[in-house]
Structures are given as C-alpha cells and as structure tokens.
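All chains are identified by letter, namely A, B, C, D, E and F, in their written order; residue positions are counted from 1 within each chain.
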Amino acid sequence: MKILLLNPNTSEVITDQLAEVARRYAAAGTEIIPATGAFGVPYIANRAEAVIGASAALEILAAQHRNVDGAILAAFGDPGLGAARELFDIPIVGLAEAGMLTACMLGKKFAIVTFSTALGAWYQECVEWNQLQDRCCAIRMLDQSFQSIGSVRDEKEELLAELALTAVNEDGADVIVLAGAPLSGLADRIRDRVPVPMIDCAAAATKQIEGLVSLGLKTPEVGTFRRPVAKPTTGVSEVLAARIEHRS
Amino acid sequence: MKILLLNPNTSEVITDQLAEVARRYAAAGTEIIPATGAFGVPYIANRAEAVIGASAALEILAAQHRNVDGAILAAFGDPGLGAARELFDIPIVGLAEAGMLTACMLGKKFAIVTFSTALGAWYQECVEWNQLQDRCCAIRMLDQSFQSIGSVRDEKEELLAELALTAVNEDGADVIVLAGAPLSGLADRIRDRVPVPMIDCAAAATKQIEGLVSLGLKTPEVGTFRRPVAKPTTGVSEVLAARIEHRS
Amino acid sequence: MKILLLNPNTSEVITDQLAEVARRYAAAGTEIIPATGAFGVPYIANRAEAVIGASAALEILAAQHRNVDGAILAAFGDPGLGAARELFDIPIVGLAEAGMLTACMLGKKFAIVTFSTALGAWYQECVEWNQLQDRCCAIRMLDQSFQSIGSVRDEKEELLAELALTAVNEDGADVIVLAGAPLSGLADRIRDRVPVPMIDCAAAATKQIEGLVSLGLKTPEVGTFRRPVAKPTTGVSEVLAARIEHRS
Amino acid sequence: MKILLLNPNTSEVITDQLAEVARRYAAAGTEIIPATGAFGVPYIANRAEAVIGASAALEILAAQHRNVDGAILAAFGDPGLGAARELFDIPIVGLAEAGMLTACMLGKKFAIVTFSTALGAWYQECVEWNQLQDRCCAIRMLDQSFQSIGSVRDEKEELLAELALTAVNEDGADVIVLAGAPLSGLADRIRDRVPVPMIDCAAAATKQIEGLVSLGLKTPEVGTFRRPVAKPTTGVSEVLAARIEHRS
Amino acid sequence: MKILLLNPNTSEVITDQLAEVARRYAAAGTEIIPATGAFGVPYIANRAEAVIGASAALEILAAQHRNVDGAILAAFGDPGLGAARELFDIPIVGLAEAGMLTACMLGKKFAIVTFSTALGAWYQECVEWNQLQDRCCAIRMLDQSFQSIGSVRDEKEELLAELALTAVNEDGADVIVLAGAPLSGLADRIRDRVPVPMIDCAAAATKQIEGLVSLGLKTPEVGTFRRPVAKPTTGVSEVLAARIEHRS
Amino acid sequence: MKILLLNPNTSEVITDQLAEVARRYAAAGTEIIPATGAFGVPYIANRAEAVIGASAALEILAAQHRNVDGAILAAFGDPGLGAARELFDIPIVGLAEAGMLTACMLGKKFAIVTFSTALGAWYQECVEWNQLQDRCCAIRMLDQSFQSIGSVRDEKEELLAELALTAVNEDGADVIVLAGAPLSGLADRIRDRVPVPMIDCAAAATKQIEGLVSLGLKTPEVGTFRRPVAKPTTGVSEVLAARIEHRS
C-alpha cells in the first residue's frame, strides 16, 4: 500500500527524519511517500502557525490523495486533521492522535514530552480535541533554546530522557508520548533510560494507518466527516478549489 | 473607538448585515469598520472551510490591526480566534464566543439555533473549544436547503422561530443563541414568538468588544496567548509574514 | 442608564470603593447607584455568611429594582445571584461571574487571586456554579491576617502582586481575576508588575451590565430563570414578600 | 440519640409527615425532634425560596444545636447545608444528599422523581453541588397543579408511580429517589408498582444521620467545613449572631 | 439483623480486625458473621489480585447469602461488588464505597490514605467506578515495605498519621478515608493527631449496611443490577453455578 | 508473529468465528493461535459473568503467554484486561478497546451496537474504564431473544443493520462499533446497508496487536501496569500461582 507522509511544515530535514522512521517500522509492501509543505514555517509551535500548516496540509492532500491509499498528517498537533477527513476519502491519521491512542493501549495515563515550552498551548488543544484529557497526565516541555530544528533531538537527547523520567516519577505517566515531528527517531535511542514504554509517533502513525487501510472501511456518507456538499470558492488554489467544488 | 468587523467569508452581503446590526447596537463613539475575506467560500459550514476562513481572518487582521482598537471575528465558530489572539495585540472577540458567554449571564443552559445541519459538527467543536459543553443544552439545526445565504434569515424566519421554541420546550434552553453570521438581525424580528432571551451574536460581540477595549487591559507578555517569537516564513502573504517574522 | 451597584455586605467603605471603580469605567450616560446591605457581616468569606448576604441582596433588589435598568451583585461569589434572576425582571450580573466570563475572552485559563484563605471554599463553589472549572487553573489566596477590610488592598498590595505572578508562573494562568470586592481598584495599580491581563471585577461587571442593558433582551417567560408563581409568605420583609406574592 | 428534624419551610403538616416517616425508620433509642421554619414559604421550589429557607434553617440550628446529637435538613435541595456544616459542630445531613448517596449503593444511575416542574432547576443545582451528575440519569417532574402541599402525595400517587416507571423504562434508572419533603411516606405505598428500589429521603436521612452520630467522628478543625473565625454581625437574629460572633 | 462480613482475601487476621471494628460500631441486635476467602492472596493490591478476590467474594456470597440480611464486601477497592449486586438479592456494600460515600456527608473533598504505593492504581479505578473523582482530592500512599499485613497498621501508625496530615495540608482534604482492610481500627487511635474527620471504612460500612437493611428496599426487577437470566455454566463451583443457573 | 486469540468464554463456535475474522485481516506472517475458556459461561453478558471470564482469561494467558508475541482478549468488555497487562509482559489488547480506539480515528462519536440489552450495563462500564464516554454517543441493543449464540449474527443480521442505521440517524454516530464477539464477521456483510464505517472488533484488534508487537516497545518497569511484586497464593491454579509468585 502507498502511504502519503505529509509534513505540513517547510523543513525537509524533518520530512526526511519522519520518513526514515516510518520506513523502519512499515510492513513489507508499504511504500512511504514523503511530502513537505510548500509554504509556512519550519515547524509549527502554536495556534497561529497551525492555521497556516492546516492549509498546507490540505494543499498537499488535494494534490496527492488520488495516488495513495492513506495518509499521515505528520505534525504533532495534527493541524487540519478534521478538515482533511471531511475533504478526502482516504484514511488519514494524525501524528498526535496515533501516538496518543496507541499509548492508551499501554497505560492508563500518558505524558507528552517535547522540546519547547512554545508548544504547550497548542498541544493541550490537541489533547482536548481528541477528548483524551483524562488519559493525559502531563505535558512536559524543555525550557531552553536550541540550535536547529533538524538537530534538536540530538542536542537535547539527554535532557529529554531526563524529562521523560520526570514525567514518570512525578506525574505518574505509564507511557511517554515523545511529541513533535523533530523528535522522531529519539525513542529508540533513549529507551534504556526510561522505565516505561515510549511512543515514537511516526512509528505509531505508520502502524495505525497501515491498520486502517487494511480494514478497508467504507467512506462515511453521513455523519460529521462526510464530504461537504460542493460550494463555490474564490482565491483558493486550483487543486483545493477543485476538490471543494466537487470538480475532482 | 474603532472596531474592525471582519467577516472571514467572501459574502459582502453578510458583511453588510453584520455591520448593520453592529452599528445599531454600538455605543455613540464606536466606529464599525467592516472587512470581507478576500478568498475562501461564501460562508463557512465545516472544518475544512474553517481552515480557509482562519487564514482569511489572519490576513485581514495583519493588514488592519494597526488601525483599530479591537476586532470582531465575525463568523460563528470563530475560525482562527486563538491564532488571532496570539499574533495581534488588540482585543479580539469571536461571534460564537461573545454570544455564548453573554448567554451564560442570562440562563443556566443555552441552545444554539441555526439554519443548516451542515454546521453542526463545526459548531460543536467551537462549544468544546470554549469548554462550555455543560452550559450548551442543544444545537438545533434546520434540515432544508435555502435559496441564498444572503436571504436565508428571511426565507426561514418562521421555521427558525419554531426551532427556537423547540429548543426551549424540549431541550430546556433558558436562552437561545442564534448562530451563524447570516442570521444576524433575526433576533429582533422573532422576539415576540420566543419566550426566552435570544442572542444576536453580532450585537453581543459588539458590546463585548466595546467592553474589552474600555477595560484597557494589558497585552499578555507570557501565557498561552503571548505573541510567538519571530520565525522565518515561506510563501506566506507579505503582511502576515511581516507579523510572524516580527517585522511589523 | 441606571445601574444598581449593590453590596450585600455591611461595609460602606467597600461600597464606596466599588462605586469609585464602577464610575471610572462606566460609559457616559451610565449612572451608578450604590447600595449597602442593611444586615449581615462586613464582608462575606464563607457559605454561612453567603446565606445571609444572599438575603440582604434580595432585600435591596426588592426595594430598588423598579428604579434601575440593571444591577451588579457586588460580592465575589455572587450570593443569591440565581435567586435574584428569578425574582426580578432586570438584567443582573454578579461580580464573580462578570470577572470570570470576561477573563474567558482573554485566555484559556484564569486564576483567581484573593486576600484570604477563608474565601477559598466559597469561591470554588462559585466557579462550579458557573461550570467554569475547566477554565479556572487555580485559586490563590494570601494566608495572613490584615488590619481592616477597607484597607486590605493597600496593605497587601505587594503580596497580592507577587501572588498573581505566582499564579502566572506556577499555575499557567493566562489572565488574573482579582477577586473580592475589597480588592476593587487594585488591578490598575499593580498592572506593571504582572505580565498578563488582570481583571478588576467591578470594572468588568460594569461593562457587562451595560452591555446586557443595551441589548434590550426579553425577560424569560419560561425556563429556569422565569419568575416563580406567586406563593404566600410568612415573616418575610414587606418588600420581598410583596415581590414573592406577586403584589409588586 | 436526639436528632433534630428541621423543616426549613413553614408547613407544619409537612413537618409532621417527615417526622412520622423518620420515627418509623429510626432505631430504638433515637428520638426525633421536629422543628418548622418560623418564616418563609410553605415549601421551597426554587433558588429564591431556597435563599429564605437557608436562613430559616440556620435560625433553627442556632437555637437548637446544643440540644441534639445530629440534624436532618429536611427539604430536598438542602438549602444552606454547607453553611450549616460550617457553623455548627454536630453532624448534619440533607434530605437530598442522604437520598442520593443512599441510592448510589443500590444502582449506577438514579432518577429524581418529584411533583412539580417548578422544582427542576433547583434540584439540578443540588445534584451539581453534590457533584453527582454522572449518577443522576434524569429529573422527572409532574407538570400539573395540585390542591395542597400537604395532600399532594395522596392526590398524585398514581401519577407519581407512573412517572417513576417512566424513569425506569426511558431513562434507565436503577433506583428512584422520591424527592421533595411533601412526598415522604409515598415510597412504601407505591412500592409494588415500581420494579426498582425507591428511596424515601426522610427514611434514608434518618439512617444516615444515625450512622454519622454513631461513628462519633471529630469536628473538623481545618478544611472547608471548619468553623469560620468570629466576625461581627449587624441586624442578624440574636441566636445566629451569637454563633457567628463566637459568643455561643 | 445478620450481616455477612466477607473478606475476599485469605488473611484471617485481617478478617478478625475487621470483625472487631464492625462489632464495636454495630447496633445492638446486629450480628456480624465473618468469612474469609478460601483462595487468593493475603491482601489485594492490584487489578490482577482483584480478579481473584472478586471470584472469592462471589463464592462466599453464593454459599452464605441465604443466611444473612446483608453483606459487607470487606476489601477496599470492592472487588466484584457490581457482580455481587447482580447475583444476590440482599443489600451489599463495599468497604471503599461505604467509606467514600460517608465521607461525602462530611466534606467537599476526601483524601484516601493507605499503606502502600502498590495499591494506588487499583484504588483509583475504584474511585472512578464510583464516579467520585470530583470528590477525591488525593490518594496518598506510604512508600515503604512493612513486616506483615496483620501488623502494618501498628508498625506504620505514626507515618500514616503524618500522611493523613499531609493530605489535609497539601491536598486540601476535608475528610480522610483510611483505606485498606488492614488499617481498620487505626482511625480511633490517631484521631487526636489529625484535625479533620477520619473514616474507618469497616465502621462506615457497618452503619451503611445496617441502614440499607433497615430501609427494607425492594430487590430490583429491572435495571443494571437486576438478576441476570439463567445461563448454563462450565467448571464453576457448585454453589456459584447453582446461583447463575437459577437452581438456587 | 504469533498472536494468542483468547476467548474467555466457553463457546468454541465463537472462538472459531473470531479466528476466522482475525486470520482474514492478519498480515502475512501473523499466526493466530485461538484458545477458549476452560470454565465459565457461553458468553459474558454482565458484571457477574465478567468476573468469571476475567479469571478464565488470566488462566489462558498464564498457560500460553510464553509462546506468543502478543494477545487479543477477545470478549467485548475486555474482562480482566488491566489484570492481564499487569501480570504478563507481552502486549495485550482487548476487543472493545481496540474497536473503540480504532473508531476514534474515523469519527468524533462512535455508537456501540449489539445484540442484547443484557449487555448494556457491562459495556457501559467498559466505555468508562477506557474513559471514552465523550466519544461514545450511544449503546444500542436489540431487545429480543435469540436461538443460539453461535448463530445470533445470522439470525439478527437484518435487525442489527437497522439498529446501526438508527444509531447513525438518531444518535449522530460517525462510526459504528459492532460489539460482542458473536457479531464478528457481520460488519462485512451489512456494509452496504449502513452509511458510515463499521468496526469489526476482531479485525480491529488484530491490526492493533500487530501494530503494538511491531513497535517492539519496552515492558513497563514502573507505573500502574508494572508487574506486581511476588506474593504467596492459596488455592489458585498452578500456572497462575507460579506467575503471581514469580516462579515463572
């Protein structure tokens, strides 16, 4: 099966990291097709950037959804995930959603661990959108600057392992969700330093989207994720306009 | 004071209706400055269209925030409201937020009444974003097509009055929130047919933004609505890029 | 418009402070009419004193509701607010309610900051009555005696500014609600020392009641705040009895 | 042990009914001491009347708490219960509280069944004050006038039995809480017509207060129900003032 | 009345302690009939052991329910309580349930205090099963080994008193629920060292079951605790099989 | 990988149905190893039977966990799932858990549809254990007898399709979770009659356990699902005793 791994940010280095992890965990026969946002910011950290990232995600999906069997919306926080599910008729999972739901099968409470306090409010809204507040015991964030988004997982490896340990010891986390696309690949490296299961969201999302595609479920014809009726658009990119106007 | 009344949709007829109501309820000395989205759809009905509307809202604010004392994000559902609060340093209220919080001072439970079932899922997410689920007893929607968005409030006046009555009698609503920018102006007309207070969100938002501007509160320097640090952008409109990159 | 500013406590010095703030923030054309409780305690700190304060509030309203366009129930905790809304047909807002709902338009989470631990349980019940638990991140209280209720805001100014800062830094408050009628007027003074918006509840209540009166909404004929049917009374003050018995 | 059965309303006929039930269920050795409110309304149906009833309850307790081992606040809705617990150092249970907590040991969900729609909003606030919303599946109310409060349980016996059955069949109630002091004594009569356990709150409160007195627990010295510090009062009845001012 | 006090664990020393407390608090005329689990572990500390304890509880009840008027399921956590209520037609209360519901009549928030961190997850699930999360402010646990289950309450008396005090001071507990059958009898001893009411669950359960038996309520014929229809069994003990198959 | 598909009931016909579905959806290379409960009832419908089923599940796992890479606890309601996770160091998913979490990636609200009202209370407790109440809009159950548990999915096929449709139209379900092991295999057959995705829990659980095994996560050393410390047992089966006593 073909899986679109779409990074709604503009950092190709992050897309590469995500694709590397996705391919490592993908089943034989799964082809990972990476894509990077054409506009926006290097990585989404807040609600404002998420608005832009959501648009970028819809653009990529409009262009490529016909060529794939499923898609991973690969920014923690899942910008535009609900919108994407409405507009396109393939299964789509978000990085955050997949990581958190996977964590629910491993513990009563998970903690989200990430690399910057700038991300906290946006991640909290993502937990709430998924209505998983009762399962999330903490969002733990490093409070330090870092050199580059592509290297933050290496630069802060030790501190992030310690932060995960703090979430276990002080917040009572049964599972750690390592959050933020830039941290993909880290879980395997710090596994020995953290005494509970640790979720790499790119890995979890890969397994979840493979599962959904395998289930071969029907596209909803009614309900809150049915495709909206056609509506005229103004000033929207051609691929997205065509989809909204039911021309594609 | 100058209040930007921004309609993130592309229908100028709706902007005009909203402005008419806002001016009717505005205090002496309040100037209402209407603006209409340059791109998107005629009216937002779902999560997908809200992504586009949120971008349109940020564009309008980026262009005009320096010229006004406060802003009303005038689409029920408040697309991009959190993002707008992060990026700009003026008070901003959403149509839904203002309508619902005003309703909270008039009853224990409010019902949202609107003109199309297409709006339900998106409005429900808005209630949840405001964490007002315990105060909202129902979202009641007409299940019929209508001729034009500019005339839906006239065409369905009688049915909407009946629907409001149903929300009172069957859902136990103490207050009715008439939802959707296209319904602005309706509350006054059907007032005699509904036995509880009925909120016109454009009127409520006008009073709320006037109140916030009058309070003269400080812009947050920390917390989840502080302005994000500067970040480089790619492919974003110049006015918005300038704001994100702290060049304006 | 005429606004009754009713202090259900017996301290005229607090009524004066409240009126001073209300007048400072009132629109041109708004007349603030202060009233002080004829019986009870100098300030309400707990559930027992709130029972007495609620009675005092109803007495004042019974005597004066015909002469005003709206009323502010000016004790944080809003003793008797629901009862007042049932019995009288003018808009009424509570100090706590107005402060907290205004805070909701400025941040995701607000903290309540006040001058005595004696107030905590009663304030918490007020948050719950408003069903705003998910928006209130903390109730922070000074744990010290003070010389007089009329001077507590001066005496503890520095400590209260520090406590607000603690709520921001440790509880993640986006907004501070300075709670307790005796603290009215403090927000403006410590504004520079606290990095987030700070609500003076008397100011917020003034704007909210002005807004409600301007909206000119209908009095509910059904629902949980409709006027109760007439009922005979025994041993109740004449003005209140007349209202309950539908003689006025 | 001596148990004060205090009816905060003015209807002695209801006090008599309550006392009859309490005595029927009381253990050997329990003396039931009835008291009726000296002021207020014949029965409390709403928030406004509850404010008055709460004052009446405090007055009775102030006069009699020294002479008894415990007290039942015998109006469903429990007006002033929190206040009473603060001020007096004997165990006190409310009719609603005792009925609902007892119901929790008999089923997952209870329904409240009562004789008038006028009571709904006030009863709902009582459920919420106890934070038992997740256990209460419905509040079912008759929507008809009745001849007298003393005879409503006889007059509506058949309809109330049917309403209880409706709560079982349509709301999924595992237990019925017959609510409102005027319905005391009804449960035994309609027992054969309702297929689930039915709580007579006067009976339940009698057993709960006997239990609490038997446990011989300590009066709280700290916490939200500790006795408030002494405070001067104005215009409050002598017995109540003495208690608030720590003169008794 | 005859009350079965069933300890679903295998420690007779604990059964003896429980019976001693139950008899001390029982009314004249109440006969306490102790029973100890025939299989399982010395005391239940987690979900796995609770599965076994639940089976042991059902076995004891199947053997003895005909001979008693009510039963106490005497392990905090109440293993198998819902199952027991379905299968048997006598009132049954759990140690945790009785302790927590009793605490609700004494404070807004209770804390659970117990002797081992191993118990935390299982106790938390018990709080949630009772849907009392909003009333439980903390579960405080000692983090130390102990010599024997029969003597832990003596060995750790001082530490448990301190832990209760911590729950009062740091968690805001109005009431302490001393949790775990092995702590029965402790509350009376440390009463002077803790400034709030402290619940001995064996005492509370004794009063609650006496109350329920006295109320003489009907066994549910419908609802979620009605007796299940007969079903064939395989490999289940004869007394339990007979009950499930409706042969007894 | 080897996956234990354990049916904690005694019906081999159901085990066969489950295995057939699991194998149909399993990846190449996944071996499904079915097992059936040695004792208990033909199918679990309530809390009492779930206690027995939980024991049966632990017995099967104790005997076989060393021979497999992961396990599916294949009774909707997931009896003993938490216990199993504590005791054994392989990934284990429950039928209900896997079905519901999968549904969360397809819609905001799912409805549970099943074949008998007897199952409702137990399923509701399962939803609550997973803290997914906000995502579950209804539990819809047929209210009719059926001929045999092995044929109920055939006998009621038409009625179950209609019931699913009702859940979509009246409860607003975005997704249907067909619940109860006896319904495995039904989703594919009625797919064309229901306009939203429909989850076959055996299929969903197969994909989820394959995903978890592929992620190769670490067994928790701390947290609420860590393995309990060794404890002596009495009267427990040898395989289970050995595991609890850390002899295996």
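As a working rule, contacts are C-beta pairs under 8 Å (C-beta built on N, C-alpha and C of every residue); 3 or more make two chains touch, one makes a residue touch a chain.
A quick map from chain label to UniProt name: A, B, C, D, E, F = Asp/Glu/hydantoin racemase.
All values reported here derive from a predicted model rather than from experimental measurement.
Student: When subunit A touches subunit F, do the two copies use mostly the same residue numbers, with over half shared, or different ones?
Tutor: Over half of the interface numbering overlaps between copies: same.
Student: Subunit D and subunit F share one sequence, so how far apart are they rotationally when you fit their Cα atoms? Give it in degrees, rounded to a multiple of 5.
Tutor: Fitting subunit D to subunit F on C-alpha positions yields an angle of 120 degrees.
Student: Applying the document's contact definition, name the chain pair with more C-beta pairs in contact, C-D or D-E.
Tutor: D-E
Student: Computing the C-alpha centre of each chain, which chain sits at the greatest distance from subunit C?
Tutor: Most remote chain from subunit C, centroid-wise, comes out as F.
Student: I'd like the Å distance between the centres of subunit E and subunit F, where a centre is the mean of that chain's Cα atoms.
Tutor: Their C-alpha centroids are separated by 29 Å.
Student: Would you mind pulling out the distance in Å between where the CA atoms of subunit A average out and where those of subunit D do?
Tutor: Roughly 52 Å, centre to centre.
Student: Tell me, which residues of subunit E touch at least two other chains?
Tutor: In subunit E, the residues touching two or more other chains are 108, 121, 124, 131, 224-225.
Student: Quick check on the complex: what are the subunit E residues that touch subunit F?
Tutor: Touch residues, subunit E against subunit F: 10, 38-42, 45-52, 54-55, 58, 80, 82-87, 118, 120-121, 124-125, 128-129, 131, 224-225, 228-229, 231-236, 244.
Student: Spell out the residues on subunit F that touch subunit A in their complex, using ranges where they run on.
Tutor: Per the stated touch rule, the residues are 25, 27-28, 91, 93, 97-98, 101-102, 104-109, 130-132, 134-135, 168-169, 172-175, 191, 194-200, 203-204, 207-208, 210-212, 214-215, 217-225.
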